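Below you'll find the structures, each written out as C-alpha cells.
Okay, so chain A shows up in both of these, paired with chain B first and chain C after.
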Partner chain A sequence: MVNSALRIPISLSLSSLNPLTKIVAVLPAMLFVALTTDVSAPLALSTLALAVLLVFGQVGVARLAKALVPIAAIALGFLIFYPLIVRRELVAHTPVCFVLGALPIHEGALWLGLTAGLRIFAFVSLTMIFNLTTEAHDFARALVQQAHVPYRAGYAAMTALRFAPLLRYELTVIRAAQRVRGFGEQKGLHGRLEVLWRTAIPLLASAIRRAERAALAMDGRAFGAYPTRTDLRRMRFARRDVAFVIAFWLATSVLIFALWQLGWLGPLAFVQRV
Partner chain B sequence: MIHIEDLTVRYLGRRQPALAHVNLSVRQGETVLLLGPSGCGKSTLALCLSGLIPNSLEVDFSGRVLVEGIDTRQADRAALAQRVGVVFQDPDAQFVMLDVESELAFGLENLCVPPAEIDLRIQSALSMAGMPDRRHDKVWQLSGGQKQRVALAALLAMRQRIIVFDEPTANLDPAGVCEVFAAIADLKRSGQHTLVLIEHRLDELMDVVDRVVVMAEQGRIVADGDPHEVFDQHFEVLQQLGVWVPQVSALGHRLRVRPTPVTLAEARERLPGRAASVKTADLFSPASNNAPPSTHQPAICVRHLSFHYGARLALDEVDLTVPRHDFVAIVGANGAGKTTLAGCIAGLLTPPAGSVFVDGRDVTTLSPQALARHVGFVFQNPEHQFVADTVADELRFSLRRVNLSPTQVEQRVEEMLARFRLTQYAAANPFTLSHGEKRRLSVATTLMMGQEILILDEPTFGQDQHTAGELMALLRTLHREGRTVLIITHDMTLVAECACTVVVMSAGRVLFHGPTRLAFAQPDLLAEARLDLPPLARLAHQLGFTALTADDFNLAAPVPQLPLLAGASDQFSAQASR
Partner chain C sequence: MQLNSVDQPVLKQTTRPRWSTRELLTAAVLAMAFAALLVPFTYLYAAVLSLGILARSALTGLFFMPAAFAAYTLRKPGAVIFVSLVSGLAAIPFTPYGLLVLGIGALTGAIGEAACWLVTRYRHFSLWRVVLMSFATGLVEFLLVLFSLRVSQIEPPMLVAAIVLSVIGFVVVGIVARFLADAVARTGALNNTALGREREKRV
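Our next item is the complex of A and B:
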C-alpha cells in the first residue's frame, strides 16, 4: 500500500530505524542489567551500547559524551555515598579498607556502590540507543502505526511536544516582564509560592489560548473526520529493523554467555534470593 | 457560495451574544474585506464560516450558515474541511507538525487521501503558495511570513475554495507582511478562490478587495458594498466606530478629494493638484508636534556594545546616544537586534561593563531596583507584567518600595486611575480588561515610579484604530511632559506619527540614526533593513516629495512639486552616511 518512491532514503543509521525496533532490541539487555550484581555484565553491555551508538548512531562523540556526563556523575556518586549509608550487616563480613573518621569503610560496601553505579550507567547507556537517535514525532507515529495507539492520542502528544519550547520561551519572557516591575525577589516559602502563582497565571492563560487555537486549526483540517487516516510517511518494520533486533539480541546473549563461561558473571539477583 | 441567515452566536458564560441576527451572502470568486472595531465579532464570524462554530466550539447558536449549499450544522468535518479553510493570526499556534511536508500532509491524511496523491498535492500547493523549495524545511526555521505561507499551502493542498484570513499579518515584521499580501494577491489572480479577509493594514490590500463589509457591535452590518462607496459615503460612521480605514482614504477626506481614493494608485492620480508638498527646510526639523531634544547629558549612551546569545551575535559594536527628552523609534526586521538592545538598556539582559550608560551611570553598576527607577519597560503582551488581583493593586504594587505614606499612595493611585481612564475598573481583575485597557494599565503601572525613560515594545500591537490613536496621543503627551520615550516597533505609521528620531537596525548593527524625516526620505535605506515606508510616506515619495503624516500634506496651499528634491535627498543620504 505504500508507494516505494515515498520511502525514507535507506541508510544504516539508528535514526532511520523504527523507534519501536530500538526499544525491542535493547529491552532484554536492560532487564538483564537490572538483575546483575557484579561489574562485568554492566561493563560489557554498556560498552556494547556505546559502540553501537558510535558506529551506527551518527551522534558524534561530543554529543554522546555530553549526554553521558551527568549519568557518569551519578554513578560516581553511588560509589562515594553508598558505602556511607549501606546497612552494616550486609558488608560486616568483608575486610575494612580504610577508616573515615569513626566510620570503617568495608571492601564490600565499596563493591556494592561500584556495582550499583555501573548498573545505572549501563541502563542509561542502553536507553541512549533510543533517546539520542529518535525524534519524538517519529516515536508518536510508530506508536500510532504499529502499536495501534489511537491516532487522536498520538497526535495530541505530538502537538503537546511542539508547545513545550514555545511555552518555555514564554516563561522566560514573563519572568523578565515581572522582574522589571521588581516582582520575583520575594523571600520565604510564602513569597516563593506567590511568585510561582503569579507566573503561572499568564502562562496558563496563554497555554489555554494556544491549545484552543491549535485544536481549532486541527479541526479545520479535518482532524478526526474518519476513524482512520492515511500516512504519507509510513513507519515500518523493514528488513533492517528485523536484522537490527536479531543482531543486538545475539550480541547481548554472546556477551552474557562468554562472561558466564569465564565465570565472571557473578550471582544474579533472583539466584541470590533462592 | 456563502449564505448567512439570521445568525446569532453567544459564547457560554457570556450575557451578550457575540453575533446577533447577522445576514450576509458572499458570491463565488468574491474577495470580501470584513472591518469592525475589536470585539465586534469578526473572528467569531470567521469561525462560523468554517463551521468550527458550532461544530468544534460549544456555543448558543441559532440561524443558518450555508457553505456551497451545505448547512454547516449538519455537515461532517471532512465535507467542511474540503470547502473552507482559515489562516489564523498566530503562525505558531496553527501548526501541528515539525516540518513543512508533514504539515501539508496532515490535513490530507485526515481525509484519507492515498499517499501517492498526497505527494503530488503537496508539491503543487507549495508552488501555489510560492514556496516550492521549502518542502523539507523544519517549520521553526522559517520566518513569520513563510510560516503563514505554509499555513496557506496546507489549506490549498486540501483544495478548499473558500479561504478566510483572520488577521494573518498581525504577528509579522514588515517583510513578512509583504510576503503574505503577495500570496493573497497571487491567490486572487488565480481566480479560483473566494476570499474573506480580516485585516487592518488596508493600504497594501485594497487592490485585491472587491467588497467591504463593516460590522459594528454584535456583528451588526453598518455598511456593505464596493470599497469606493463604503469609504466615500460611510466615512464618518467608520471613524466613529474606530475602524481602520485606508490611510489614503483618510487623507482624501481631509483634503476634500472626491471621489475618495481607496488605493495608492488612485490617490496618486487624484491628489497632486490638491496636496501640497512640505518645504525643504521642514525636512530637517523634527516632527512638527514634538519638542526638540535638549543637548544636556544624554539619557542613554551605548558604546561599542556587542552581545551574544551562545554563539549567535545579536548586537555588533552598537553605538547610540539618546539625548534627554527625545522620542526614539527602533525599527528593523525580526532578528535585527532591536529587543536585545532595549533589553540591555532596561537591565533585562546584562551587557558587558562599560558599554551601556543610563543617566550617565553604567547599568551594570546599578541594582535592578535602582535601574527600575530610571527606566520603565512596557512589554508587548500586557498580561505578562500583571502581578496583582485588581487594577488598583497593580498600581499599588509599583509603589511598594517608594517611601510614601498610605494616603499619598492612595492619592497617587487615584490620580493614575483617572488619568488612564481606569477608575471604574479599580476593583476588576486585570485579566478581564479589554486589550486596549490592559495596554493602558501596563503603561500606568510602569509610570507609577515616575521614571524619566520609558521603553515600549510594540505598543500598538493588536489595537484597533481607536485605541491605537489613543495610545499615540498618550505617548506624545508623556513625551511633551519631558520624558525620554523609546519604542520598538514594526508599525511604521506609529513611527511617522510620533517619533522624532529613528534608529534603523539590521543584523545587529545600527544602519542609521537620525531624524525620522531623514530616514523616511531614503527608501533604499529602509529596503536594506527590510522595512517599508508607511502608506502616506510612500504616496508622497511617488508624488515626488517627502512627507510623513497627513499633516504634512496639509501644510500649505497647493504649490507645484519641488524640482529641487531629487538633489536634496542625495544630500541627506550623504549626511546620513557620514
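Our next item is the complex of A and C:
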C-alpha cells in the first residue's frame, strides 16, 4: 500500500512505528541540543527533524508550518527579550549594536538570545516527530504493552482520552447555559478568571459523574479481574522500528561529527567557561 | 484462568488492587478536564516564555493545578503523578509543545508526589500544609530546571526574583486548587472520594 502524498509506502511512514520508538530515536538528539551553545547544531538537528517529518511523516507542508508558527514566534521572542536579562560582564567585550534607553545591547547578548531561541526551536522540532505522527491512544497502548505500565492505569487513561469530545461538548453547553443566564463573556483579567472559575466547577462535577458511571460499567464487565489482558490492537517493536532508531541516531551522529570537523559545533555547555 | 469441576472460570487475583476502577477513572477524567481547561494557557505560556525568565516562572505553577487538585481530593499514593501524566498526555495534540508537556507533567507530578508524601502523608490537608506542599514543589521544580535556563548567563537579581515568582505561583495555584475542590465537593460529585468522605464525617 502506498500513500498518495509523497509516494512513501505506508510501512515506512512514521505513524506506523511504535510510539516509543520515536521517543527513543529523538531523545539523544534532544539531550545534545540542551548542551549546545552555538547556533549550528540546533539548526542542523531541527532541519533533520523537519526533513524526516516531511518525507516519512506524511505531514503536509501547511500542517507543519501551522505547527511551527508558535514555536518560531517563541524563538523570535528569545532573540528580542533574552538580551535584556543577560549578565553584562559576559558580553561587555563585544561591540554595542544599539542602545535601548540607558541599556546598551551588545552583539554577544543578541547572539546568546539567538542560540537560546534556536535551542527551543530544535527541541520542539525534534518532538514533532512524535507529536504530529502519533495518536495518544497508541502511545498509551505502547506504554502498557511494551513499557509494562499496569494495564488498569493505561486503560483508565485511554478511557479518559475518549471523554475528550464529550468534555468539549459539555464545555460548550455550560458556556451556552451561562450566557442564557446573563453571565457570558467578561472583559478584563478578573472577568475572564471569574468565567473560568464558573466553568470549571460544573465541568469537573460533570466529568467526575461520567467517570463514575464508566467505572461501574467497566467493573460490570470484569475490568481488572485478571493480572493480564488481551488487546484488540497489538503494538510491536518490529524491524522497521529498530531500523528507524539506528538510522536516526546515525544521521544525528554524522551531522554532529561533520559540524565538529568543520569547527562549527562550538563548546558544549558543560565544558564552556563563562 | 483455571477451570473448576463444573467448568466455571475461577478468577485468581493475588493481591487486592490498591486503586478501585472508580478512583482510577475519576483521576484520569479529572486530568482530562484540567487538560481541557489548561490548553489555552499553554498558548499564553508559549507567548510569555519568550518574554523572559520572570514571565515563565510566574506561569509554570499553572501546570501544578491538576496535581494539587488530585492530591487534595483523592489522597492516595500515586494520584499526583498519575493525574499529572494523564493531563500531559491528553494535552499533547493541542499544545505548541507536544511531548514537552508530558515531560513537564512528569516532572511536576514526581516532585508534587514527593512533596505530598512528605508534607501531608496523604492524610492531613489543612490550608497550611497545602501551602507548604506547593511551596516545596515550586522551589524544587525551579531548582531542577535551572540548568536548562543557562543560569550562568542571567543576572543574579533576576534569578532570585524568578525563584520567588515561581514559588508564589505554585502556592497560589495550590490554594486555588483546594478552594476549587471544595467548591466541586459541595455539588456532591466528590462524595465517593477521600475528600467527600471527610466532608461527610464533618457533617
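Simple rule for what comes next: the second predicted complex is superposed on the first by the 245 of 274 C-alpha atoms of A that agree within 3 Å, B and C clash if a C-alpha of one lies under 4 Å from a C-alpha of the other, contacts with A are read in each partner's own complex, and residues count from 1 in each chain.
Just so we're on the same page, a contact is a pair of C-beta atoms (placed from the backbone, for glycine too) under 8 Å apart; a residue touches a chain by one contact, two chains touch by 3 or more.
Treat the numbers as computed from the prediction; the structure is a model and nothing was measured.
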item	value
Three-chain arrangement built on chain A, chain B and chain C clash or fit	fit
Contacts of A:Leu110 with chain B and chain C, given as first, second, both or neither	neither
Touching partner for A:Asp219 - first (chain B), second (chain C), both, neither	both
A:Thr228 touches, of chain B and chain C: first, second, both or neither?	first
Which of chain B and chain C A:Arg210 touches, first, second, both or neither	both
Which partner reaches more residues of chain A (counting touched residues only), chain B or chain C	C
Touching partner for A:Ile201 - first (chain B), second (chain C), both, neither	both
Contacts of A:Leu14 with chain B and chain C, given as first, second, both or neither	neither
Touched partner set for A:Ile23, first chain B, second chain C, both or neither	second
Which of chain B and chain C A:Ala34 touches, first, second, both or neither	second
Contacts of A:Thr159 with chain B and chain C, given as first, second, both or neither	both
Distance of closest approach, chain C and chain B, by C-alpha atoms in Å	6
Residues of chain A at both interfaces, chain B in one complex, chain C in the other	159, 201-202, 205-206, 209-210, 214-216, 218-219, 222-226
Footprint of chain A on chain B - complex, ascending	47, 50, 52, 55-57, 76-78, 80-82, 84-86, 88, 90, 92-98, 101-102, 105-116, 118-119, 122, 154-155, 158, 343, 346-348, 368-369, 372, 376-377, 379, 381, 383-387, 397-398, 400-401, 431, 445-446
Sites on chain C touched by chain A in the complex	1, 11-14, 17, 19-22, 24-33, 36-37, 43, 46-47, 49-53, 82, 85-86, 89-90, 92-93, 96-100, 148, 150, 152-155, 158, 180, 183-184, 187-190, 192
In the complex, chain A residues that touch chain B	1-3, 5-6, 135, 137, 155, 158-159, 162, 166, 173-174, 176-183, 185, 198, 201-202, 205-206, 209-210, 213-226, 228-234
Of chain A, residues touching chain C in the complex	23, 34, 67, 70-71, 73-78, 80-82, 84-88, 90, 112, 116-117, 120, 123-124, 127-128, 130-132, 136, 139-140, 152-153, 156-157, 159-161, 163-164, 167-168, 171, 196-197, 199-212, 214-216, 218-219, 222-227, 269, 274
